[in-house]
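Okay, so subunit A shows up in both of these, paired with subunit B first and subunit C after.
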Partner chain A sequence: MVAVTMMKRLILAALCASAMLQVSASQAQQATEVHVTYSKGQFQPGEVSAPADKPITIRVKNLDAKAMEFESKSLRVEKVVAANSEGVINVRALKPGRYEFYDDFNEKARGALTVQ
Partner chain B sequence: MLAALIIVFREVFEAGLIIGIVLAVTGAVPHRNRWIGGGVLAGGLAAGVVAAFAGALSQLFAGMGQELFNAAILGVAVIMLTWHNVWMAHHGREMAGEMRAVGEAVAEGKKSLLALAVVVGVAVLREGSEVALFLYGVVASDGGSGLSLATGGVLGLALGAAVCFLTYYGLMRIPPRALFATTTALITLLAAGMAAQAVAFLERANWLNSLDTVAWDSGWLLSDKSIAGRAMHTLIGYTDQPTEMQLVVYVAVLLLTFVLMRWSGSQPTDRAVTVG
Partner chain C sequence: MRVAEKSGRCHAIVLCAAACLWFSGCGGARAEDASSWHDIETKYIFGFTTGSGIGLEGEKEFTVDTIGRFGKRDGHYAATESKYEFEFTPTQFIQIEFGALGSTHNIGGVTDLDDKRQVAATGAFAELRYLALERTANNPLAVTLAVEPTVRLTDETTGGRVRNYEFETTVNADIELMKNQLFAGFNLLYEPEVTWTPMGDVQREAKFGGSAALSLRVASNVTVGGEVWYLRHYDAANLTAFTGDAVMLGPTLFIRFTPKMFMTAAWCAQVWGREIGNPVSLNLAEFQRHRARLKFAWEF
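Here is the complex of A and B:
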């Protein structure tokens, strides 16, 4: 049994190591930056766009005095941005399409990222 | 008010489920309320601190502080849950079987209680910091309508507590003989699910990029934003779009727990075994 445990640990270690290697490789690929401002409970601009098949970094600047949560089901993103601060969100390379996002604390605030 | 109620309830729901399970797991252990209560209190206080410094926290690690913090505390919870299972595999049998010196049993029980108190604290911390941020924002900026929203928040909190008690009393209806196997399975799935969540946070932080292809999308069947989806998310780590790495880690935690429990359970009981 001990031998089996050791093997499991080794496999896990190998997985972690390969993950690390991939990280350094992917960071070389330049991400597209997208800027969104959040003020008075609205996204500005409400529609943003980015090229397909490239990683995207979304920078959300929250100018309101309360926290918001940038959330998107299709982007698989959920991030709390504190009052008067900026949140950085990493998104993997995407297929062309329209990806909607909203403020989870205030669902009236909606916007979308168009990838083309 | 309703919006606040829903948002707060959604956040405390997960913590409520976890506390309910931990209460059922520790049903027979003396002084468990003190430990679990301590975990809730410490988690609540820490949530307030995290919320107060949320801006600073998210600026760490090139804007990825939040994600890495979440991944780290989830990792701690996974270790604690696994350790508890392995510990129970070894000591559960002897505690149920031959009577041991009571003092020793209590002292040993405390170790496992501490691990579970940490798990409870982590659950409250994670959910509580979002609630604190949301409610603080509401009270600070809305003034007049703040009171009705705060009422909604308190009601949401009460509903979360109700989830906790329902989980606890539901589990306590299980006959004692089957309860141990049930809670062991629940704790194992909880740990695997949390590990998969930690992977999701590492992926968002770009710290983990291998096997990051989404394996399937079962959102049409059960969305993880629905209340049933959220319950499954907490209990077994269900997500409707898991990445391959999440699946690998999920299965690895299940296997590792199984192997460690088998190993620990086969150790002679007359000497102390420290695991993990």
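Here is the complex of A and C:
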């Protein structure tokens, strides 16, 4: 009896995990990718765009020889990207608007994501 | 006594007026620079009032947050409680905080309170904050819901040994009135608690109230403002046994020293209050004449 109950719980847990994986997989499929390069202390391009109401994946490639920190109060994300490497930042689906970002280690380096 | 109460009120009003004049002047002078400022996190810019901010996903923070309460009807009364707090933001909608509490009490000659001079490790707390409504280009309002269970082994007011369980529930809202420059904050508070004394008595009580605050960014790393609180006290968790209320008013200050370090300071004076069944001005039984807050935070 105990074994049957345990089995039911395991099956339920597996189904839940499977459903969550499917949801996250479908979210990942729907995400719009945005590519930004960080070089010589500047974002390139400085302005990027993405569609509204869809999750966004921002890929930040740091070509400089020192680490940078991609940060945005309006996107509510921060991530340290090591020298000569790439950081991936997943952002929720956004409403139309302009979302600024910057390098927290070098606040002169700024850019913006325009969602429309 | 009334002279002292009036003096406290006058101090509060004069300081608020001075703060308003100062930040309105500075704000005008620096208005042209505001477009180049980064967005600001609103959680700590309103003093005792908490803004809607929940931090950034991936951000961790250590803070020391001390609140001091000063002044009862007679004698001398000074008590502080410090939170040693770790907070992090696991998603773009949730923030989690937890930590330990420490307190100090310096009480002498206060009616109904034992004289006491002590420093104590007090208890622990945790807080969960959920961003229910986020600010967008078309919506200047942001709302966060927060719950904060707390366990104390030292009574906040008397410093005596107790077992106290508190469950603070708040709604933290703020509105961006001028892009990146002027913000209004609002809190709604319901704080039931139950206390077991060493004698075996059980006391149930609750605080209910709200606040309104204004905060102006006078430089990219500095905000100044003022806030007003209205608080009601009940001798029951379900808000049925009203015992008194109070209005507190005071200035606020927020300074970001570096991208990873900031402080917030606030001070409030009781400008009006009443105790049910006691025809005196101010409510110094359940609240204090002054309270002050000083918080330092390090992000990493």
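The working rule: the second predicted complex is superposed on the first by the 87 of 116 C-alpha atoms of A that agree within 3 Å, B and C clash if a C-alpha of one lies under 4 Å from a C-alpha of the other, contacts with A are read in each partner's own complex, and residues count from 1 in each chain.
The working rule: a residue touches a chain if its C-beta (ideal position, glycine included) is under 8 Å from a C-beta of that chain, and two chains touch if they have at least 3 such contacts.
Because the structure is a prediction, the values reported are computed rather than measured.
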item	value
Touched partner set for A:Lys79, first subunit B, second subunit C, both or neither	both
Of subunit C and subunit B, partner touching more subunit A residues	B
Which superposed partner A:Ala67 touches (first subunit B, second subunit C, both, neither)	first
Subunit B versus subunit C as contact partner of A:Gly111, first or second or both or neither	neither
Which of subunit B and subunit C A:Arg92 touches, first, second, both or neither	both
Which superposed partner A:Tyr102 touches (first subunit B, second subunit C, both, neither)	second
Contact residues of subunit A, present in both the subunit B and the subunit C interface	73, 76-77, 79, 92, 104-105, 107
Subunit A - residues contacting subunit B, complex	1-2, 4-5, 8, 11-12, 15, 18-19, 21-23, 25-27, 64-67, 69, 73, 76-77, 79-90, 92, 104-105, 107
Subunit A-touching residues of subunit B, taken from the complex the two chains share	3, 7, 54-55, 58-59, 62-64, 66-67, 130, 133-134, 136-138, 140-141, 200, 204-210, 212, 214, 219, 223, 225, 241, 245, 248, 252, 255-256, 259-260, 262-263, 266
Subunit A residues within the subunit C interface of the complex	71-79, 91-92, 94-98, 100, 102, 104-105, 107
Touch list for subunit C against partner subunit A, complex	38-41, 54-59, 89, 92-93, 135-139, 259-260
